[in-house]
Amino acid sequence: MADTPAATARDAKDRISRAEMPGAPPGTLIPELGARRPVVQMIGYGSEGAEEGSVHNARDLSPIQDFLERYPVTWVNVDGLADTDLVRSIGKMFGIHPLVLEDVVHPHQRAKVDSYGDYLYIVTRMVDAREHLDTEQLSLILGKRYVITFQEGVPGDCLQPVRDRIKRGQGHLRSSGSGYLAYALLDAVVDNYFPVLEGYHLLLERFEDQILAGTRTHVVKKVHGIKRDLITLHRSLVPLRNSLQALLRDSFPWFEDSTRIYLRDVDDHSRQLLDLVDSYRKIASDLIDLQLSLASNRMNDVMKLLTVIGSIFLPLTFITGLYGMNFDTRAEYNLPELRWEYGYVFSLGVMAVVTLGMLIFFYRKGWLSLGKD
Amino acid sequence: MADTPAATARDAKDRISRAEMPGAPPGTLIPELGARRPVVQMIGYGSEGAEEGSVHNARDLSPIQDFLERYPVTWVNVDGLADTDLVRSIGKMFGIHPLVLEDVVHPHQRAKVDSYGDYLYIVTRMVDAREHLDTEQLSLILGKRYVITFQEGVPGDCLQPVRDRIKRGQGHLRSSGSGYLAYALLDAVVDNYFPVLEGYHLLLERFEDQILAGTRTHVVKKVHGIKRDLITLHRSLVPLRNSLQALLRDSFPWFEDSTRIYLRDVDDHSRQLLDLVDSYRKIASDLIDLQLSLASNRMNDVMKLLTVIGSIFLPLTFITGLYGMNFDTRAEYNLPELRWEYGYVFSLGVMAVVTLGMLIFFYRKGWLSLGKD
Amino acid sequence: MADTPAATARDAKDRISRAEMPGAPPGTLIPELGARRPVVQMIGYGSEGAEEGSVHNARDLSPIQDFLERYPVTWVNVDGLADTDLVRSIGKMFGIHPLVLEDVVHPHQRAKVDSYGDYLYIVTRMVDAREHLDTEQLSLILGKRYVITFQEGVPGDCLQPVRDRIKRGQGHLRSSGSGYLAYALLDAVVDNYFPVLEGYHLLLERFEDQILAGTRTHVVKKVHGIKRDLITLHRSLVPLRNSLQALLRDSFPWFEDSTRIYLRDVDDHSRQLLDLVDSYRKIASDLIDLQLSLASNRMNDVMKLLTVIGSIFLPLTFITGLYGMNFDTRAEYNLPELRWEYGYVFSLGVMAVVTLGMLIFFYRKGWLSLGKD
Amino acid sequence: MADTPAATARDAKDRISRAEMPGAPPGTLIPELGARRPVVQMIGYGSEGAEEGSVHNARDLSPIQDFLERYPVTWVNVDGLADTDLVRSIGKMFGIHPLVLEDVVHPHQRAKVDSYGDYLYIVTRMVDAREHLDTEQLSLILGKRYVITFQEGVPGDCLQPVRDRIKRGQGHLRSSGSGYLAYALLDAVVDNYFPVLEGYHLLLERFEDQILAGTRTHVVKKVHGIKRDLITLHRSLVPLRNSLQALLRDSFPWFEDSTRIYLRDVDDHSRQLLDLVDSYRKIASDLIDLQLSLASNRMNDVMKLLTVIGSIFLPLTFITGLYGMNFDTRAEYNLPELRWEYGYVFSLGVMAVVTLGMLIFFYRKGWLSLGKD
Amino acid sequence: MADTPAATARDAKDRISRAEMPGAPPGTLIPELGARRPVVQMIGYGSEGAEEGSVHNARDLSPIQDFLERYPVTWVNVDGLADTDLVRSIGKMFGIHPLVLEDVVHPHQRAKVDSYGDYLYIVTRMVDAREHLDTEQLSLILGKRYVITFQEGVPGDCLQPVRDRIKRGQGHLRSSGSGYLAYALLDAVVDNYFPVLEGYHLLLERFEDQILAGTRTHVVKKVHGIKRDLITLHRSLVPLRNSLQALLRDSFPWFEDSTRIYLRDVDDHSRQLLDLVDSYRKIASDLIDLQLSLASNRMNDVMKLLTVIGSIFLPLTFITGLYGMNFDTRAEYNLPELRWEYGYVFSLGVMAVVTLGMLIFFYRKGWLSLGKD
C-alpha cells in the first residue's frame, strides 16, 4: 500500500465522496454513497390543535402545501437524503437557495447559521454514542410559518420528545411561532450531548481507577480512544457554540424576544458542554501522563530488584567459581584455601560479608522497599 | 462491563439525571435525585433594624409577603431543592421566569448573569473542600427590594458571615439597598475560594518536598488528584469571572454606582483566584515532570550499578569457569596453567587486571559516583 | 559542514533565492530558479457563448485585447513564471502595480487579499499531494471584466473543472460577472484540499491500527512526516481563511451580493479544513504519545521477564557453584553436604524452595502475566 | 497529616490569613500576621526646593498637613502595615475609600489601577530576589498634589533612587506635578525587575552548560525552582502590564500629556519583561526536555554496554560450565572433548568464534561506539 | 558560585548594564559597555541627484545642516553609540525627545513605533546569524525631510543595498519623500531575516535526516540550540509585526498613501516570517520528540536482546552448574546422571529443549526481529 495521502485517498474513493467533488458547480446535488431513502413527515399545529401527516409519493408534495395553509406552523421533517429530486422539489416549493440544498445533501458541514432574507439556514450536528461516537447532520430551515428539518435518517432520533410535546400540547410550543419550534429542536439536539459526555466522564473515572490499580496497556488504548472521540466532539461543539452566539447577537425576524431568552439557555448549555469536553480532554491527557509516570516508577522497581539480585549473586557466584577452579593444589600457592581445615567455612564467611555489605548498601539507598505503591 | 460511553451512561442512570432530560420542555421542574428538603429563612432589614423569620409551611408563603411589606430589603434563603412546588410558588410570588426556576432546581449550571428586566438572575458556584473538592450552586435572584438565594442545602454555609453582619448592623449593609446585599453575598462566595486554594498551595509545597526527597508513586497519584481538582476549580472560576465582568460592564438598575466600586473588588478577587489556579496547575504539571525526570535519573543510577557489577563479575566468573573446566590435563595443551606452580596467582592477577581496567573505564565515564542527588 | 544557519544558507544559495533578495528595490522582477516557461491561455465568455484562445508570441498580447473587447468576462491564465517580460507586459496592459507583479513571480507568498482600487489581488496556495505534499501559488487578479491567474505551471491543475463548466455553460457561470468566476476559482482551490486531508485521515487511521498492533519505529517516522505536512497545511490555511474573511467583510465592487453568498460557502469550507488540520495534528501527536506509552509498557514486560529469569537462575547457579567448589572434603567442616547420602536431593530441594519462593513473590506482584496487551 | 486541602489549610492557619477572612465586611482593617511597625516619611518639593520630614507620633499627622500646604507636591511613604489605625487616619485625612485601605493592609493584591474620581489607586508588586524570589506590594495613591505609597516594610527599597533624584533636583522631577512622581516610582518598580531577570538568564545559561556537560539531578531540581519562580513573576507581570495599558488608555486628570509619553516607556518595559519571562520559561522547559533526552541517550549507552558484556560473557561462561561438568568420561559419549589432546584449544577456539561473532554483530549495529556524546 | 538570581546577577555586573540602571532619571544617557565609536554618514538626495558626506568632527554637525538645506531628503546614519554627547547634539539639532535618545543608546529595546508629533520613532532589530544568532537594534527617526538611523555599529550592514539604490537612482527612491526611504530601510531589515530562517530550515532538515538515521546526542544538543535561537527570533518578530501593523493602521503624516501600499508588503513579510518561526519551532519540538521515541524503541531492542540472551544462557549455565557439582556419586541418589552412559547427551538434550522453548517463546512475541528500523 502506498503511503502518500493522495494515493491513500485514491485507494478509498468512496470515502472521498464525503468531501464535495472539487470543482463541481455550486448547487450540484449528488447523493452521498450510502444515503438512505427519505421519509417525509409533517406536523402542523396551532393553538387549537395539531395534526400529523406524511408524504407518500415523493413526486407529489401537495400534502405539505395543504398543511401550510391550514396551520400557523408546519414542521416538515425529511429523514434520509438519497432522493435529491425530492430535496430539489422541496427547495423549489419553499424558495430555498441551491447552496443550502447542496449543504443539506452533503451532510459533513460544520454547524453554522446563515441568513437568507426570509429564511434562516441552521446546521447542527446531533451526537450518537450508542455503538461508537458518531455525529449526524441536522439541517434546519426556519421560515415565518414553517420549519424544515433534514436528517441523514440514522435510526434513533433525539427530536422525538419535541414531536411528543407538540402532540400533547405541553408547554408554550403550540401557542408560539416557528422560532420557538426551532428553539425546541436546537435545545433537544444540544441536551442530547449531556448523557454522552456523562458516559465519557464515567469511563474516565473507571479508567483512572484501573490505572491507579496498576492495570495497563489495555487502558492506555481505551483512554486514547476517548481522547480521539473528545477531539471529534470538540470539533462539533465549537462551531455549534459560535452559531448559537450568532443567533443571539444578530436579530432574525422569526425569533421573538421571548424566544430569545430561551435561546440564551441553549447557548449556556453549549458552553457548558464545551467546558466539559475541554476538562475531559485535560483529564484524559493527565491519565496518559499518570500511566507513564507510574509505569516508569514500576520499571524502576523492576530494575532495582534485578540490580539487587544481580549485585548480590554475581559476586557470590564468582567466589564459588574461584574455589571451583582446578589448579593443581599440590603447588604451594595454588588455591591454598582448598586445603585449609575451615576453608569452606571461611569462604561462606566471605560470602556472608559480601551479601551483608550489599544489603546494607541497598538498604541505605532505600532500594529494598520496592513495590510499596 | 461495556465500554462505550452510551452503555456506561445507561448503567449509571441516576448520574445522568445530573444533566437535564434531553428533550423535556423548558421550565420542567423535576427534583434532582438526592435533593434535600428545603428550609426557608428570611431576613428583612433597613436602617432602623433587622428581623429574622422562617417559613414553616411550604404551602403558605405569607410570612415572606409580610417581610417584603415591612422592610426595605428582604433576603429569602431557600436551603434544599427537593420541593419543586415550593420553588414554583416562590417563583410565582416574585414573577420569576420558568427557565430560571428550572436552572435553580438543576444545580449543575455554569456561573452566569441573566437580566430579566426587573430582576437579575445570578448563578455562582460555592466551593467546599472539607472532605474532597465539591462545588455547590448558589442561585441568586436580585430584585428591587429583595434577594432570593437558593442553595442545595449541603451543611456548612459560607453565607453565615453576611447574616451575622446584617444582624449586628456592621458596615454599610443595613443602610444600602438590595444590590449591596447581592454584592456582599457574591463577595462571601468568592472569598471562600481563597482558603481552599491556599490548601492546595500547601499540599503542592509538601509534595514538592517529598518528590525532591525521592518519595514516589504515592505522591504522583496525589499530585494527579490535585491537577484534577484544579481543572474543576478552573471550570467554576472562568464563568464566574466572566459573569462578574458582565455585571461590571452592563448597567443593571439595582446596582448603584457606589456598590459598583465594591463589585470591582470582587472582580479583582475572581481574577486573582484564576491566576492562582493557573499557576498551581502549571506547578502541578511541573511536579509530574520533575518526578519523571528524577525517576529517569535514578533509573540511570540503578542501571549503571547493575552494569558496573555485571561488567566486572561476568568476565571474572568466566575466568574462574575457564579454570574450572575438566580437560584432561595430561594432554600437553589442555589447560597447562593448572599445572603451573603460580597458576592460581597468575589467574588472580588476570582477574585483578580485568577489574582494574573496568574500574578505570567506569571512573573515567563518571559512573562510579552514582547516587549523589 | 558548518552548522550555523548563515553558513548553511550560503551553502545552499539556490534555495535562498526562494526568499526575495534582501534590499532589492520593490517591484524588481527576477525569475525564480527553476521557473517554467509560460503558457498563456484565455477564455472569453458571456451569456451567448464562450471561446478559448491562447497567446503564441509572448511579445504580442493583442489576442488578449481582442478577447477583452468581444466578451463580457475574460479569464487569462498564465502557467509558468520564467518570462518576467511577459508578466511585465501583462501588468502594463492591465495597469497592475509593480508590487503585485513582484509577488506573482516570487511564488512564496502567504494567502492574502489586497485591494488596489479598480482591481483586487488575491493570493492563494493550491495543494498537491500526489508525490509528497507541495503547495503552489495561485495569484488571481480580479478586475471589472477580467480575471488573470498566474500559476507556477506544475503539471496537473485543479482549475480544469472550472474551465469545463465555462465551456459546457453549466450553472450560473456564464451569466454572471467576473466576481463569480473568481469565486468559482477560489472554490476549486479550497475544495481541492479535502481529498488531500481525507488521505491524511486514512493514513492516520492505518498508522493507529499499526501502533495498536505493536508495529514500531517505521510508523513513528511516518506519523512524524504527517505532523510536518500538517504544519505546512496549517501555514497555508490560516492566511487563506483570513483572506476569505477579509473578502466577506469588506465590500469590493466586483463581488455582487449574490456572489457574496457563495463566498460565504468557500469561507465555511476553509474553516472546516482548518478544523480538520487541527484535529489531525492533535491525533498525530496523540499517536506519538500512544506509541511511547505502549513502548514503555512493552519495555516493562521485557525487563520483568529478564528480572524474573535472573532472579530465579542467579541464586540457583550460585547454589550449584557452591557445591562445585573443590574444598578438600576430608576436612570435617569442608562441604560436608557433598558426603551426605542425600546431598544431591537436599541441594535440589533447596533450589526448588528458592524457585518456588521467587515464583510466588513474582506471582503476587503480577509479573508473571506479562505480554497480555 | 491529612491530605485534603481544607485540612491542610486548617493546619496552617497563619498562612490563610494571607487571604482575607471570607465573609468579613469590606473595609475591615485587620493587620496581617508578621506585618511590620510603620515608619512614615514625607518629601515635599517644588521648583524652588525639597524638604524631607517624618511622622514620629502615629496619632498626630499634622506634619503631613503642614507639608501639603507648603509644597506643590508631597510624597508620603508608609513603610510597614502593622498599625491599621495609622492607615485609617491617613485614609481619613485624604478621603480614601475603605476598600482601598483594605487592599493596602492585605498586601496580596494583583497589580491594578482603580480610579476613584479625584485620586487614582495603583497597586504594583516590587520584586526582590536577594535570598529567594519574593514580591512586595507597593500601593500608590495619586492625588492632585500628593502621592502616598504604602510598602510592607521589607528592608531594601527600590524607591531610594527616586528619593535621591528629588533631593538632588535632577531631571524634570521637581518641576513636574504629582503624576510625574507617580511615573518615576512606577518606572523604578518596573526597572527593578530587569537585574532579577538577567540573573535568571545567567543561571539558565550556567545550567544549560552543566546539562550539556552531563551533570544531573541537582541541576534538574534547580531548573525546576527557576520555572516556579518564573511562574510567580509571570503572575506579577501580567496584571502590571494590563494596569499600565489602562493608565495609558484612559485619561486620568493627574497625568499630563507630557507625562503620558514617559508612561509609554514604562509600558514598553513591562512588555519587554513579559517577553523575557515567557522566553525564559520556554528555555527552562526546553532544558528539562533536553536533560530527559540526554539522560535517555545515556541510559541507552549504559544498557548497550551491559548487553554487549552480557551477550559475550554469558555464552562463554556457559561453555566453560559445559566443560566443567563432571560426567563420567569413561562412558564413550560423555564429554569426549575432555579427553581430546587439543580439547582445551578447541574450546578456546569456540569461545573466540562466539566472541568475534558477537563483536561483529554489535559493531554492525553501531553499539560499540558508545559514549561519544 | 551562589545560585540565587540576585547573586548571579551581581557576579556579572557588566551584563546587568544591559538593562537600564533601575531608578535612573529618564533620559539619562550612559553609554553601554562595549559600545563602538560612532561614524556619522549622510546621504542627501532629490530627483536631481544624490550626494554622500560624513561628519568628521563629532562636535561640529554643520555638514548635516548643510545637507538638510540642500536636499529634499537627508538620511543621517550613525554607526556606533559610544559617544553620548554626539547623540545628544543630534537630538538637540532635530528636537528629539530625551526618552528617544535614551532608547537609542540602550540598544535592548523591543521593536516599537512611537509618534512624537512631527517625527516618528521606529525601533526594529536587525538579525545577524553569521557566527551565532544575534540581533542589533536599528533606531529610525523619521521627520518630514530627514531619516536618522542609529546602529550599534557591528560590522556588516543590511542597509547597504538601500544606499546603493539611492546612489544608482534606481526605483522610486529618489523621487519620493522621507517616508519611502523609511519604508525601504524597514524592508531591507525585514527581508534580511529570510536567508537566516532559510538557514535554520536547512539545518532542521539535515538534523531530521540524522535523527532518522540514528545519530544521537550531538544532534539533540544542536536542535536544542536551534529552539533557543527561534525563541529569540520570535521575541524579535512579534513586536516588529505589531509595530508594522500600527504603522499601517494609524495615519502618520510622512507616509503618503502610495508608500502605505509598500508598507503593506513589509507587513506581509513580517507575518510570513512569524509563520515560519512558529512552524520551525514546532518542527524542532517534534524532532526532539521523534528522537526520544526512536531512542525508546532502540532501548527496547537493546533490552530485548539482553533478555533473550539472558533467558537462554542463564538456565543453560544453571544446568551445566548442576552437573558440575561435586557430590559424592558413590551415594546412590547423588547425581546419578553423571554415571549414565548417555548422561552428557541427555544433559545436552535438556539444554537444547530449553533453548528451543525459549526461542519459540521469543519468536512468538516477535522479539527476535529486533533492529529492523
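Here the chain labels run A, B, C, D and E in written order, and each chain numbers its own residues starting at 1.
Criterion: contacts are C-beta pairs under 8 Å (C-beta built on N, C-alpha and C of every residue); 3 or more make two chains touch, one makes a residue touch a chain.
Predicted, not measured: the structure shown is a model, and the values here were computed from it.
A turn of 70° superposes the CA atoms of subunit C on those of subunit E, with the angle given to the nearest 5. If you average the CA atoms of subunit B and of subunit E, the two centres end up 39 Å from each other. Once the centre of each chain is set as its mean CA position, subunit D and subunit E turn out to be 24 Å apart.
Touching two or more other chains at once are residues 292, 296, 298-299, 303, 306, 310, 314, 317, 321, 324-326, 335 of subunit D. Ring order of the chains (start subunit B, then subunit D) is B, D, E, C, A. Across the complex, subunit C meets subunit E through its residues 1, 3-9, 11-12, 15-16, 18-27, 97, 99, 103, 108-110, 112, 114, 116, 214, 216-218, 220-221, 224, 227-228, 231-232, 235, 238-239, 288, 291-292, 295-296, 298-299, 302-303, 305-306, 309-310, 313-314, 316-317, 320-321, 323-326, 329, 335, 337-345, 347, 371. Subunit C contributes residues 129-133, 158-162, 164-165, 170-173, 184, 187-188, 191-192, 194-200, 202-203, 206, 212, 222, 229, 261-262, 264-265, 268, 271-272, 275-276, 279, 282-283, 286, 289-290, 292-294, 296-300, 303-304, 306-307, 310-311, 314-315, 317-318, 321-322, 324-328, 331-335, 365-367, 372-373 to its touches with subunit A in the complex.
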